[in-house]
C-alpha cells in the first residue's frame, strides 16, 4: 500500500451517477471539476517553520470533495488512486 | 452536508433581481463580478505558522458579497453551493 | 450596509471636476489612474502570522486617494461603492 | 495635502537640466530611468509580521533618486507629485 | 557515491513491467507521470528559518513514488540515478 | 554624493582590458555578464522581519564582481555609477 | 582570488571524458545538464530571518554535481570558474 508523504493523502475515487437525486451533482461546466473520493491513507502532516508538525485534518474513511486537477493518479492492483496535497481538499461530506 | 476544509466556507447563492431598488446592484461591467450568498457552513479556520488556528470570521447565516470566480460550484439535492476560501469574501451585508 | 472583510474598506467615490483649481488633478496619462473617495466602512484589519490583528489605518470619513484597478465596484440604492484592500490606498487627503 | 499610507512617501520632482555639470545626469538609455525628487511627506512606515512598525528611512526635505516607474503620479494645485513605495527609493542625494 | 545536498535524495529507478498485476500501473495519460524508485542516499535535510534542521522523512532502501519531472538524472558506472528534492516524493510504497 | 537606501550599494565601474593577463576575463558569451566595480558607498542594510538590521557585507573600497543587469546606472560629474542591491553582488575580489 | 558573497560558492569545472567508465556520465538529453566541479571558495553563508547565519554546507576541495544553468561563469588567469548559489548544488561526490 502507499503511505503518503508529508501533508499528502491517498484517495480512492467514489463513482456515483452524476444525476443521482440526493447525491452531489458535479456540473461539467465547473471551472475546476470537483470530484468525490474516500480517504484511504494520510501522511504525517506538514512541518511548520517553527519545526512542529500539523497533523492532516482528514482521517481514513472520510469522504471528501476535491479539485481533481490538483492530484496525481496511479493504479494499484486494478484500483485507481489519487495522491493529493491536503490543501486541495475542499470539503468533507458528512 | 458538506463541512468545509480549513479556512473555506460553503455558501448558498442568493438570487435577487439585479435592479431591485434597495438591493445591491451588481453591474455586468464589473471586472470581477461580485455576488451575494448566505453562509451555510464554515471550516475550522487557517493554521498560522506558529501552530495556532484563526477561526473563520463569518458564521452560518451571514449574508456575504464575494467574487464568484474564486469559488468552486457543486449541487446537492437540487441546490447549488459554492465552496469558497474565506479570503475571497469581500464584505458582510448587515 | 456593508461591513468589509478583514483588511478591506468600503469607499464612496468623490466626483470632482478633473481640472478644478486647488483640487487634485488626475491626469489620464497616469499608468494606474488614482481616484479620490470617502471611506464609509472599515474591516477589522489583517491578522498577522503571530495571531494578533492590525487595525485598519484609515477611519470612516477619511478621504483617500487609491488606485481604482485594485477594487471591486458594486451599487447599493443608487450609490456606487468600491470595496478595496487597505494596501491599495495610496494616501489620505488632509 | 497628502499623507502617504503605510511605507509610502510623496515626492515632488526636481527639474534639472539633464546635462548640467556637477548635477546627476540620467542617461536616456538606462533600463529603468531613475529621477530626482524632494520628499514632501512620509507615511508611518511598514508593519512587520511581529506587529511593530519600521519608520520610513527618509524624512521631509530629503532629495532622493528613484525609479520613476514604481510610483503613481497626481497633480495638486498645479504641482505634480509622485506617491512612491519606500522600497523604490534607490539613494539619498547628500 | 553521491551524498545529496540539503533536503535532496538520490533515487535508483525501479524498472517494472507497466502492466504487472499487483504492481503499480502508471498510466501514460497521467499529467505528471509518477515513477517508482528506491532511495539510495538522503541529504541532511532542510534548514528551517529558526536555524534547526528537519531530517529527510525517507531513509535508504525505501521505495517511493515520485513525479519524475522534478528530478535531475545522471549515470554512475552504468546505473541511472535521479537526484530529487524531498518535497517531490508523493508516497512511500509499503 | 549618493547614500544608498536600505541594502543597496553604489559602485563605480572598473574599466580593465578584457584580455589582460592576470585580470578577470569576462567572456561575452556569459548569460549574465558579470562586471567588476569598486564599492563607493553602502546603505544601512536590510531590516529583518524581527526588526533588527543586517549590515551590508561589503565596505567602501571593496572591489566586487556583480551581474550588471541587476543595477541602475546614473552619472555624477562625469563618472558613471551603478546602484545595486547587495544580493546582486556575486563575489569580492581579494 | 574571489571570495563568494553570502551563500555563494566558487567552483572550478572538472573536465572528464563523458564516457569514462567509473566516472559520472552526464547524458546530453538531461533537461538540466548537471556538471561536476571542485569547490575552490565558499561564502559566509545565508542570513536567516532571525539574524543568525547558516554556514555553507560544502567546503573547499569538495567535488560537487550541480546544474550549470544556475551559475555565472568568469575566467581568472586562464581558468574558468563558476559562481554558484549553494542551493543549486545537487550532491557531493564522495
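Note that the chains are named A, B, C, D, E, F and G in the order they appear, and that numbering of residues resets to 1 at the start of each chain.
Everything that follows uses one rule, which is that a contact is a pair of C-beta atoms (placed from the backbone, for glycine too) under 8 Å apart; a residue touches a chain by one contact, two chains touch by 3 or more.
Remember, it's a predicted structure, so these values are computed and weren't measured experimentally.
Determine the set of chains touching subunit A that also touch subunit G.
Per touch definition, common to subunit A and subunit G: E.
Starting from the mean Cα coordinates of subunit A and subunit C, work out the distance between those two points in Å.
So the centre of subunit A lies 40 Å away from the centre of subunit C.
Just how far, in Å, is the C-alpha centre of subunit F from the one of subunit D?
Roughly 22 Å, centre to centre.
In whole angstrom, what separates the CA-based centres of subunit A and subunit F?
Each chain's C-alpha centroid was found; their separation is 50 Å.
Among all residues of subunit F, which ones touch two or more of the remaining chains?
49-50
What is the sequence of chains around the ring when one begins at subunit A and proceeds first to subunit E?
Around the ring, beginning at subunit A and stepping to subunit E, we get A, E, G, F, D, C, B.
Which residues, counting only subunit A, touch subunit E once they are in their complex?
So the residues of subunit A in touch with subunit E come to 1-6, 8, 10, 41, 43-44, 47, 49-51, 69, 72-78, 83.
So in the complex, which bits of subunit D are touching subunit F?
Checking each residue of subunit D against subunit F gives 21-27, 30-32, 34, 48-50, 52, 54, 57-58, 64-65, 67, 87, 89-94.
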